[in-house]
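The first chain written gets the first letter, and so on, giving A, B, C, D, E and F; residue counts start at 1 in each chain.
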Amino acid sequence: MPTSMVLPIKKVFSLVDSRITVEIKDEDRRFQGRLISVDEYLNIHLDETFELVGNERGRNLGTVVIRGNNILTISPVV
Amino acid sequence: MPTSMVLPIKKVFSLVDSRITVEIKDEDRRFQGRLISVDEYLNIHLDETFELVGNERGRNLGTVVIRGNNILTISPVV
Amino acid sequence: MPTSMVLPIKKVFSLVDSRITVEIKDEDRRFQGRLISVDEYLNIHLDETFELVGNERGRNLGTVVIRGNNILTISPVV
Amino acid sequence: MPTSMVLPIKKVFSLVDSRITVEIKDEDRRFQGRLISVDEYLNIHLDETFELVGNERGRNLGTVVIRGNNILTISPVV
Amino acid sequence: MPTSMVLPIKKVFSLVDSRITVEIKDEDRRFQGRLISVDEYLNIHLDETFELVGNERGRNLGTVVIRGNNILTISPVV
Amino acid sequence: MPTSMVLPIKKVFSLVDSRITVEIKDEDRRFQGRLISVDEYLNIHLDETFELVGNERGRNLGTVVIRGNNILTISPVV
């Protein structure tokens, strides 16, 4: 592994405390929330979470733990 | 990994003995029950479990072990 | 991990030699059989197995090894 | 883990050189062939393999390596 | 493992800093972006990412981390 | 594990430099190409790859890395 490369997981660590969008595999639905923590499996703990269905804001979910293997993408909210 | 971060799994450990909702990947159905135990793979042992289909209470399931990889989200019942 | 917690897998170990129902991810079908053995991945060896389609008893399958990752839930037959 | 328990994988090892049926997750199709080898992930090497679509014999496939995670069940042909 | 073989992951490491196409399992959609980093699970960090729906360029996504297990293929853009 | 058994992965290693067919889970599509390398997760690096849709030759894909968990079967082209 090239030693100068910052791993994908480190990119996600850098987003702790900011708002992220989590896209779920095979679902129309995404989650948007504040990233509280993440581990090496990309399990994600979000707070102040709400659903996004297409571009519409859906239900408020509050505190949610999302299992990493069902996550397709993680992106910063810009 | 930032050392001050409380991992997602720790969040779930903190819910042992309280009621949680477990959302299953690609299913309309959720499980609600009392969290008896959880391991590092997010395998979950629930008691006093019932199904939720949409917002309707479904079948009583009693004791159930749910395999972690098929879990989408875990949330506290508030 | 709270040291007093009995892990989900231990719950399944306690069911060895008794009859269990194994629910498969994304399938209508469940398996019911006598639990011969289980490992840390929740791979399951059942004997005297039959299918359950909804609540109807289906085909007799005899001896079956089920791969853990495709299992949604494991429950004791009560 | 109960020390007297023979693990599910050992059950599959005992089937090496005999004919087995491998059921695939979410598919109508099964594979039947002679089990040449299997590893701890339940990756399977079959020889003299043919497909089974429902109960009808389908295409001859000869030598096939099947990745373990996509296998639902493994059973001896009786 | 043949010692002279360059592993698949090394092939992907060699694509760091160049543009790649990432095909997602069971989706029509692909991602095209500049590969910033990749780890042993094939988790991928892309920059300047856009979607490809069929052969049409879709939304601009900017920075995205894609979880490895949901990736079907990775190819260089030629 | 029977010590005389040649593991499934070794079977795949033996196919390096020859043409193989890779069947993808839940897809009609297969990949055919020359096997450049493979690792313990059955991640596959193919060259001179083309798609097979049913028995028809599809698009030329050139160099492709396929993630192992989405592979259903690997077979030699005979």
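Please note the rule applied: a contact is a pair of C-beta atoms (placed from the backbone, for glycine too) under 8 Å apart; a residue touches a chain by one contact, two chains touch by 3 or more.
Remember, predicted model here, so these are calculated numbers, not experimental data.
Between chain D and chain E, the least number of touch steps comes to 2. Where touching is counted per the definition, chain B and chain C have no chain in common. Of all the chains, the one whose CA centre sits at the greatest distance from that of chain A is D. Annotation: the chain A:chain E pair of sequence copies touches via predominantly different residues, less than half of the used numbers being shared.
Here the CA centre of chain D is 18 Å from the CA centre of chain F. With touch defined as above, residues shared between interfaces to two or more other chains in chain E number as follows: 25-26, 69.
Taken chain by chain, the contacts form a single closed ring in which each chain touches exactly two others. With the ring opened at chain A and read toward chain B, the chains come in the order A, B, C, D, F, E. Interface of chain C with chain B (complex): residues 1-2, 5-12, 25-26, 42, 68-69, 71-76, 78. On chain B, the positions that touch chain C within their shared complex are 13, 16, 24-27, 36-40, 43-45, 61-67, 69-70.
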